[in-house]
Each structure stands twice: as structure tokens, then as C-alpha cells.
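These are the structures in question, set out in turn.
Note that chain A is present in both complexes that follow, paired respectively with chain B and with chain C.
Take a look at the complex of A and B:
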């Protein structure tokens, strides 16, 4: 009976969709590499991994929220905020540990505020996080006074974003470690499993006596933690903080990465590993396009298209299993 | 605490898949009479506000039996089950499990007492596999909080084997059929090693083959000594697989019988009671030509070959159980659902609606079932709601003519007797009955020939009901054809000229409303067959 099902054209299509993401990524990257052989140079690959790390970290933070059934418009803005905060503290003479702690604390705090607005005040997640996004932008521009905060290279701190072990960037290794931890948490612990369940089908989770609000809160807090930490990484990677406050580019790219990552599974299930692969793919794509002579401005258009395509793929998959909405 | 099964009770192993029709609890011998009872409800009362939902409920479920809970919609079945499973608390009364009084304050209490329920709409996480779903909320962990999938999987596998399932524990739910999902749900319940398993309308969305499989599973569970409460509308199922039947009506237990010692007729008459309680303002209207002709209509999964004729001045009742395809037939006719095949004629003219708007123009008015979602816009005022279906009529060059709206409003308010403060009152503030009148009123202004009323009287008080009946009768007298869908057979018999009974997507029987007995409607709605029906009809005649 199963075999028969698989043979139907519609099922073949789904199968292609299932494997399609990976195959498509490889094809696109190969095409880019063929036109500009420099693309596959080992130094360039390491550069891509380094460039993609901050983006991938943000995508991981978003993935945590999305798994728990929430959404976060302010992910990029939060990273910019903690990045500026870190830069400011370092300029004022604080140590690496203090900068790290305050970045993470602010991240968790913002996550908790988002969770409060969504869970207790029952504001729709889009609106609530859009609001906090603007608040964070305001705070950031008040804090940096509209200027970029540049820091000198502090040995212990610069390692985070600029260091290398052998040839591999430290920041990429950090991404891998975070990815492994998160994957373990979401796939192999009770709490992670329940977060998945309450995000995907809250009614089912509630029927089993789970407190879905608790898991949503937890997902916002975890996401805040990761994003706060990412701000610190960004500061180290950038030698300070840029004056841009919105982090909108980050948000779009990170969202694309998360949704594109979910298309790796047959059912459109969000996954930490998928997010990392997709995040790095997006970084490679930007890099490859630039090497191929496409300007930086045009790339944001390409990213928009990727976002729409990846969400479309997710929606198609969810419809296959009988769910219409993804938000 | 693991629940040991009771071994004193032995069953006749009467071949796989077959069920001994007579009570199987007679072999206990020297054990005290009481120990044969697994669950006992004593004098349970429950009311919501002033609405008495359960009164003086006494129920005894014997160990190892399949016990049917039978009753019409609103008889109190689901409330009783919710009390037994700890979802609702009772106002007074007592529940005893194994002869011991048990407090059911939460679903956990009920679980601890060995009671599991499988809800009608299975809630599963689609991208989890069977194991993850089964253990969600009560996961097993090994070292450092790591989930012990190996152990969980083997436990699930064991239960899957027990009920002879054809899928493995690591299959994703989204790849399973509806029937298989039902089995996954049963496995979930079995992991608690329940003494009592409650199945709430388990066959509602299953195909025939899947139902057969479910019955097999129930047979296996019975062999394992699990007691089962089986809730269903379908009499044929109940007579096939249950050992005893308890009938509920009007919030009271009407009686409990061994299945072998009763029959369809007796059970049905207990379900419906005798007396007609309401007043029906039936007046004979002049029947004219056929206004609507539907032939062999197929649509979706639920409409499989519906044919009927509707005359002008006639009220045609559509009876049937939930899921018989009544609403779906009307939606297909109205252009909401796609028509697969079949033909429709309005006053002899072939017609196929692609959209509700077109159906409207052809003269079909539709008063939907789900008033809140489909019928009204609660945030708009009465005037605006009334003009929704006919703004074309009320608007001049695209602008709504408020003065005309007002005159129409006054007319409609008077004829329908809508109780409200005025045209500007928001519809959301009205009572259920008055909301329904607004929905109906909306269709009064247009030039409609056919009116479809889909369960117009649900959630409406008796006064407003009569008001709605009156409206139907007066529409019929004006020469409209009326289709009236209802699950309350009483009102169909009270107000209709003809009653068509639907079951499994077709019209299985038509009756003259003045002649029909309610038993016959229920009999056919529950899937009765021609032979027995003929006999019954003869008996009645």
C-alpha cells in the first residue's frame, strides 16, 4: 500500500521537495563556483564560514523561538543592541567577562519581556516583538549617539570573532558547539521534546497536561540568551558596533535560514542542524554572488526571494500534512 | 503503580474478531458480587448555570465488558465522560473504582485510577514519530536527562504488537492514515496500562475497513482484560461489539441492558422519549411545481450520490447523523464546495453554482449552521448585517442607501420580531435567537425561491425556535421551497412536509412527515438496511 502511494506523481513531487533543498543548494553553489573558481578556494571557504557565523547564530536564536511556537521580529535589533552595549562597555574599560555577562543578561531580559507581552498580556507575537524591536532601536541609537563605536583589538576578546584554530575560525567553532548543544537539548531532552510539541500542536500538548505557556517562555529566554551572546560575538567580529540600529538585514537572512532549514525535513520541521546549514548556505551565496560581480545592494533582493521561497516550501510541506498556517 | 489485570474473569475465546453477544461476566463464581464492578457512578448531578446536564446518574461498568453509552446530542454523554475523566467536577455524587471512592479533581487523578480516554479528534504532533507522541508528557529519561528512546520505542512496539498494528514505533504520524492514527492513540492510552478505556466516537472519521480493524483491536483489548466504554451514535456498531448498553436522555439514565436482551427498537425509543414537547406552528401550504431538482450529486468525501426534488411551498427536512453529508450537500449546491458530478435544476433550468454569489442570484438563500462564524458579523450593527446579502439592492451607484436600509430594517424587525434597541445595535450583543433572526432576516429582502436552513435552532431558546418555525411556514406559504436540516428529528416531524434521511453521503429513505415514526428516522440514519426496515415498517403498519 505504501509503495503504491509513493509511485503516484504527487508523491514523487513531495519526495523531490524533500531532497530538493539539499540538491538545490549544492547545484547553486557549484554554478557559482564554476563561474568564479576562487569561490572554492580553501581560504575563501573559511572566510565564508566566518562571515556566516553571526548570521547563523541569529538564525539559531530565531529557531529556538520558532520551535516553541513564538516569533521574533526583534532578533536583529537585539543583536545590534547588545553589540553596541558590549562595545560601549569595552571602550569604558570593562573586561571581556563583564562584557559577555552583560550582553547575555540583556538578551535574556529582552526575551523575558517578549515572553511577558506574548504570554501574559496576550499580544500577538508579531506585534509584540515588533514593538520591542522599535524600543531596542531607540535605546541603541540613544546609547551610541548615532555614531559607530569602534574598539581597539583586545587580545582575549578579539579571539572570539577574529581568532583561528589552525585554519578554522573560532567563531565558526562556537557556532558548531552551540549547534550541538541545542540539537541535544531539542532532540534528546524531555524539555526540548515538549517545546517542539507545544510549538507544533499546542492543543495536543495541553491534552497531555503540558503547560504550553511555560515552554513558550523558555523558548524566548533561550533565544534571548543566544541573541545576547551573538551581539557580543558581533562586536568582536566587527571591532565594535556599527551605527545601524535596525538589524533588519540580519532578521531577514536569519528567518530565511530558519525556514530554509526546515525544508530539509519531509514535514517542514524546524531543526537546529538545518538552520546551521542554511545559514552557511546564505553566507556562501552572498559571497559567491559578490565574487561573480553582483553588487551588495542587489543581494538584498536575492535574499528576499530566498526568504519567500523557503517560506513557500515550508507552507507546501505543512499543507501536505494538513496544517495550513505556519505562524 | 502498575495495574495488575484481574485474572479471575475468564472469557470465552470465541474466535478472533467475534464478540460474545451475551454478558460475559457470569463466570466469577465465589467472588463477591461487588468485585465484578470496575467503575460505579452514584447519584451524580451536574449543572451549568441553570442548565441541568446530569441528574441522578447511576451507572455500573462491569469488569472486562464493552459498555456502550448511547444518547442523542445533548443527552449528557460527553459531560458524564468528562466527569469520569476528571475534566469537569460534579456538583454531587460519588465515583467508585474497584469499590473504592475516588476523587476526580483532575485528569491526572483519573489516570491514576486506571482510566484512559481516547478523544474523538485525535490530537497528535504530526512530525513526531509514534513513540514521541505516545510518551509526550510522560517521557522516560536515562543518564543526564537524555531521553531513552530505545526503551520507549520497545514499550510502544510491544503495545503495537498487542493490537496487531501494521506500522512500527518509529513511523512519523504524518505518514499514517486516519485509522492508523487512531491506533497510535490507542497505544498511547495503553501505555498507562489502563483498567478502563473510554472510546469517544472512535469511528466518526474512519472508513469501513478501518472500522473493522478497530473492532479487532477492541476484541484484543478485551481479551487482555481491559474494560471499555464505547460511545457512538451508530447502533449497528453498538449491537455488534458491546456487552451492555446504557441509554441517556434528557440528562438522566434511561436504563442499562445486556446487549443480547434488547434490540434497536427498544433502545431507540428510550433515546428519543415519547412526548412532543414543543409547539409547531405548522400550516399547510399549496404545493406547486418542482423548484429544485438535484440528481446524483457527488462532492468531496461526504456527498456520494444525492438526489431529491423540492416543490414550491414545501418544507423538506433533511435528517441524519453528524457526518452524514447533509451540510456538505447544501454547500456543494450553494457553490462553496466543488461538485464532482451530478446535475441540478432550478425551476427546470440547469444550474451549476461556482460561487455563493451566483447561487444567490439564482435564488438560493442559505442560513448556515455555524452562526457565529458564517452567519453574522458580530462587530457590525444590525442594519449593516441585514444588508450584507443584498447591498446590491440597497445601494445606489455603489453607495449604501441608509434610508432604504432603515425601511427594510423596520419591516424585517416587525415580521421576525427581533428584540433589539434599534438598527444601530451591534449584532454581537443580541441573544442567540435574535442573532439567528438577523441571519434569516438578511435573506427576506431578496427575491429567493429556495431557502436552506442548516440547523437554525441550535442554541436558541424555545420562544425563538417557534419564531423561526413560523418564518419557515410563512416562506413556504409565499411559494418558496424550503430545505430544513436538523438533528432534532422531533422538529423535523413537527414542521416538515417530507423528511429525507441521509446516511453515509446519500439519501437512504424518504418519509411523509405526517406519517413517520421517529424510530424509523433514527433507524435509517444509523445505517439501517432495507430488509429490516421493511419488516419494521410492516410491524408498525
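Take a look at the complex of A and C:
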């Protein structure tokens, strides 16, 4: 009898996988709100949605690559690059449309370069994107000369990151629209489902006759598009671009969001909606911790722990040594 | 064999060596101070801790793992050593404290990654941020821990590692040579090293062959964190102060060094001698950038280009060999 009742780690893992993530998130947020009632104020909730939007967009861009079976170390760096570029263009007097197109073009361009390195040159995804990440960081700090580029409020442009419709931030509505589009693409179109297949098991997909390289290319381009657009949003949200070029903090939060999102599914499958919920959860968590008086320095540590825990939830069932075949 | 194929073969075989020599020659032509003997000695001195850190990365990557936390561990270990000295402990306690910290982080990494199965890239990325935030909290928001203003008697032993000479050679270089020899035997000449090769080639068959895969895989993370902590101590002892987050840029240098190092081996394996060459190359590269007065922007771009070039050359090489 005792044997049957003993909780085996794998069973706990299955249980947590089924319901745990959602319940855990609600409990954590409730605890944070209990100590600081201000947390559940409607204006604060709207602020959280606004704060979390850029992060969620980056996580969505990363999710696109991860679904296609790639990896992107340079997601944060790309957002910083396009953000700086947009700020520079706006300072030089370009219009909103020009800034938007150039940001998206650069994003798609970088995605294409990544795809070229991975698919044609056969460089492992991790190393290729690491290389482009350094190059982007270099270009960013060369472009802004180590200074923050601050823009004045431009009416048409500021709406993107600062505007509100009724009480809801515009930037959050953009996230919702992108999320719906991506969810439709990945779950309800032939191309999207095939991208899932070729990312999940490239060998099987190839045997089934899919051109996995094409889907990888597509996932890098989609991700580049989203990340380029995110840079523009970030510029509008931030009133310009900060001088920090690395974007590593963005990367870790976006990775956490993507992997935490995958714990919603029973099989640990990445999903667009899961990513959005987790991205907003991470933003809410940062906000709640700050309201509760935890300093900014400790938050990155908390996020690191969340990243590890969220991935632990998905791997606890299928434990193998944590090798990453990225070389 | 056609001419084109011959050329490809030649590039694949000797491209790396020729490339490195060419780059160094070009540097020398642009900046005549580059190859002066005192400059070279300076580069050797400052590359020593990069070499030590690179070894950790080499060990982990040789079993297809990755450790993104090493720079942060080096950073924190240096800060811990400095804080222990500042609080009046003697040099041995400071060094032991720093190394113990490295050991602890290494064990946590090993448990997470090797025994619980967290993918190495995620686990060590998370660890990097945990260590960083602990470090910032400890130093009250990245206040530098300054040692060189202390009375000389208190820091004399601690600075011995980084600032003294034995004969004509600095202690730092001697220590690095010792580490190189030890690591060479561990990685290339010991049973443990052979196990690592086996795991790299085929995890399942090495499990069937009776290798304790989890233990070997985990051990590489412990080694890498320990070496990182040692590098952190070396740096603080050399510069006389510990600036939190000052070592973080070394992570990128490590990657470049390790990937250039794979080109030295004929089958693109991660190896110790290659990593030494790679680290020295990176050292000369940063030195050149400093001599020319170019900023971090150029360094990042160079790093990115060299990583991609090195790996692309490696891919070419394995295709020619096949």
C-alpha cells in the first residue's frame, strides 16, 4: 500500500504540468497582492500590462524561432539595435512610417542573416546567433556612441508605446493582435503546423517529406520581423533608446516567458498564448516584488530562479543529462 | 583533384594558422608598438586569467555542455576574496573562501544540469543572474572593493599572486603554466578525459560501456566554476580592487577563444592547447584595440566576426575530411 501512495517525482511533475503553472501563478500573485493591496488597483494592472508588453513581444519573437527548432541568443541585442536605429532616425527628423519600416526591415534582414549562417553555412544555431549578437552589440554602441538617444514626444509615434484606448494601453492591444495572428498561423495553418513538426523532430519531418530548412528560414524571418517591430515599440515606450547594448536582461526574461509558457501544455509544447500569459506574469511579478519593497538588484536573481524552475517543470518527466546539442 | 578542390582542402587544413598569423601581421603593420617585447609580456600577463577561464569553458563544451555563468562566478569570487581581506581575514582564508564559492556554484550547476536534467544553457543562464543579483546585493549596488589603499603588510601575501615576479617571470604566468599542465593531463591524458571524449561522441554507448555519464558531465561544471573562481582571485590580486560586474565581458572572450581553439585540432575537438592559442589570440586582439584607441564597439564586432569565421572554417574542415 505504502508503495502505491508514495509520491514519485515523476508523478508530482505530471500533476504540476497539468495544472501547476496556472495555479502557481495565481497563488503567487495573490500573495503579492495580499501584502500590498495597491497591486490589484486597476491603474496598476494597466501599468503592468504596459510594462510587460515589450518583454512579451520579445518572447513572442523568440517563441517563433524556438518553434521552428532554432535558437536565438541575439533577440535582446536585435531589439536594442532597432530601438537605437529608430531613435536615431526620429532625431534626424524622419517620420513615424519611415522609422517603422526601417526597424522592421533591419529585423527581417538580421533574421535572414541568421538563417543564412545556420542553413547555408551549416553553423550551429547557438554559435551563429551568438556571433551576430556580438556584431549587433558592436553596431549599436558604435551607432549611439555610448550615449542614450532621447526623443521628444512625437504625436503619431508616441501613440504606439504611450497611448491608451479608454483605459487599455495601445501597446498591450498590439501584443494581443500579434498574439492572435501568431496563434492562428502556428495552430491553424498548414505552414505553421509543419513548422512545429520540423522543430520538434527534424528527422521525422524530413522523412515525411518536409523541407525543414525552408521552415527554419521562415521562423527566423518571422522572429526578425517581430523583434524589429518590438525595437520600434520599445523606442516609443521608452522615449528613445538607452545606452545599454547587451540586451541580455531582455533575453533571459524572454526565455523564461517562452519556457514558462510551455509548461501550460501537457507535453511541454511551446505555445504563443502560453508565452503571452507568462510574459505578463513575469512583468506582474517584477511589479509586485517592487511594490513589496524588494530591490531592483534582487529581481534579476528571482527571474533567474524562475527560469530554472520553469524549465525543471517541463523536463522533470523526461530526465536526461542536460546536454545541448548546439555545437 | 581539381584546382578549386585543392584550394578548399588547403584552406581547411591550414586556414586557421595562416589566418591567425595574417591578422597578427596586419596588426603589426598598422601599429608598430604591437610586437615590442614589453607589450607581448603585458599581453601574456593579462591573458593569463582568460586562459584559466577558457579552460573551464573548454571542459564543459567538450562534453557538449555550456556554462554561461563562469564570468559571473569569477566576478563574484573576486569580490568575495576582496571583501574577506577587507574584513581583516588573512590571504589564505580569502582565497579559500573564493574557491569554496566556486565549488558551491559548480555543485549546484552540476546537480541542476546533470542530475535534474535542466538544459545547460538555461540552467547556467539562470545561475548567472542569481549570482549577479547576490553579488549586487552583497556589495550594496556594485560598489568597488578597493584593496590597494590598505596598508601594504595586510595585502602583501594576497598581491603576491598577481603582482610579484619569480626571477624574470611573473607569478601570474607561472601559475597559469601550472594550470595549463594540469588541465592538459586531465583533459588529454587521463581516464576522465577519455570518458569526456566518449560522452561527447555518443552518450548512449558510453552509458552502455559503463561510464557514469551523469558524474562525468557534472564534474565538468564543477571544474569550470572552480577555474572561474581561481581566475577571479587572480584578477583581483593583479588589479588590487574588485569592481562588481567588471569581469562580465570575459564571457564573450571565452567563446571566441574556445571556438578558435577547435581549429587547432584536426577533428574540430575542443582541446586545451587550442584554447591556450585562442585565448592568447583574443588577448592580442584586445590589446591591439586598446593600442589603437578603439572602443568596445569594435571589440564586439571583431569578436562576432571571428566566432563566425572560426566556426565556418570548422564546418568546412569537417566537410573536407568527410
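Of note:
The definition used in the following text is that the second predicted complex is superposed on the first by the 302 of 327 C-alpha atoms of A that agree within 3 Å, B and C clash if a C-alpha of one lies under 4 Å from a C-alpha of the other, contacts with A are read in each partner's own complex, and residues count from 1 in each chain.
Following the convention adopted for this analysis, a contact is a pair of C-beta atoms (placed from the backbone, for glycine too) under 8 Å apart; a residue touches a chain by one contact, two chains touch by 3 or more.
The model shown is predicted, which means the values in this text are computed figures rather than measured ones.
Shared-chain residue A:265: touches chain B; no touch with chain C. Of the two partner chains, chain C is the only one touched by A:137; chain B is not. Residue contacts after overlaying the shared chain place A:34 against neither chain B nor chain C.
By the touch criterion stated above, A:127 is placed in contact with chain C alone, chain B being left untouched. In the superposition on chain A, A:205 makes contact with chain B only, while chain C stays out of contact range. Look at A:177: by the touch rule set out above, it reaches neither chain B nor chain C. Within the superposed three-chain arrangement, the count of touched residues of chain A is higher for C, of the candidates chain B and chain C.
In the superposition on chain A, A:307 contacts chain C only, with no contact to chain B. Residues 320-323 of chain A contact both chain B in one complex and chain C in the other. Listing the residues of chain A that touch chain C in their complex gives 71, 117, 121-124, 126-128, 130-142, 146, 245, 252, 255, 259, 295, 297-305, 307-308, 311-312, 315-316, 318-327.
Chain contact summary for the complex, chain A toward chain B: residues 188-190, 193-194, 196-197, 200-201, 203-205, 207-210, 265-269, 320-323.
Taken in their complex, chain C has these residues touching chain A: 61, 63-66, 112-114, 116-123, 125-130, 132-134, 136-137, 141, 203, 213-214, 217, 252, 255, 259, 295-305, 307-308, 311-312, 315.
Across the complex, chain B meets chain A through its residues 107-108, 119, 123-128, 132-133, 136-139, 141, 145-147, 172, 174.
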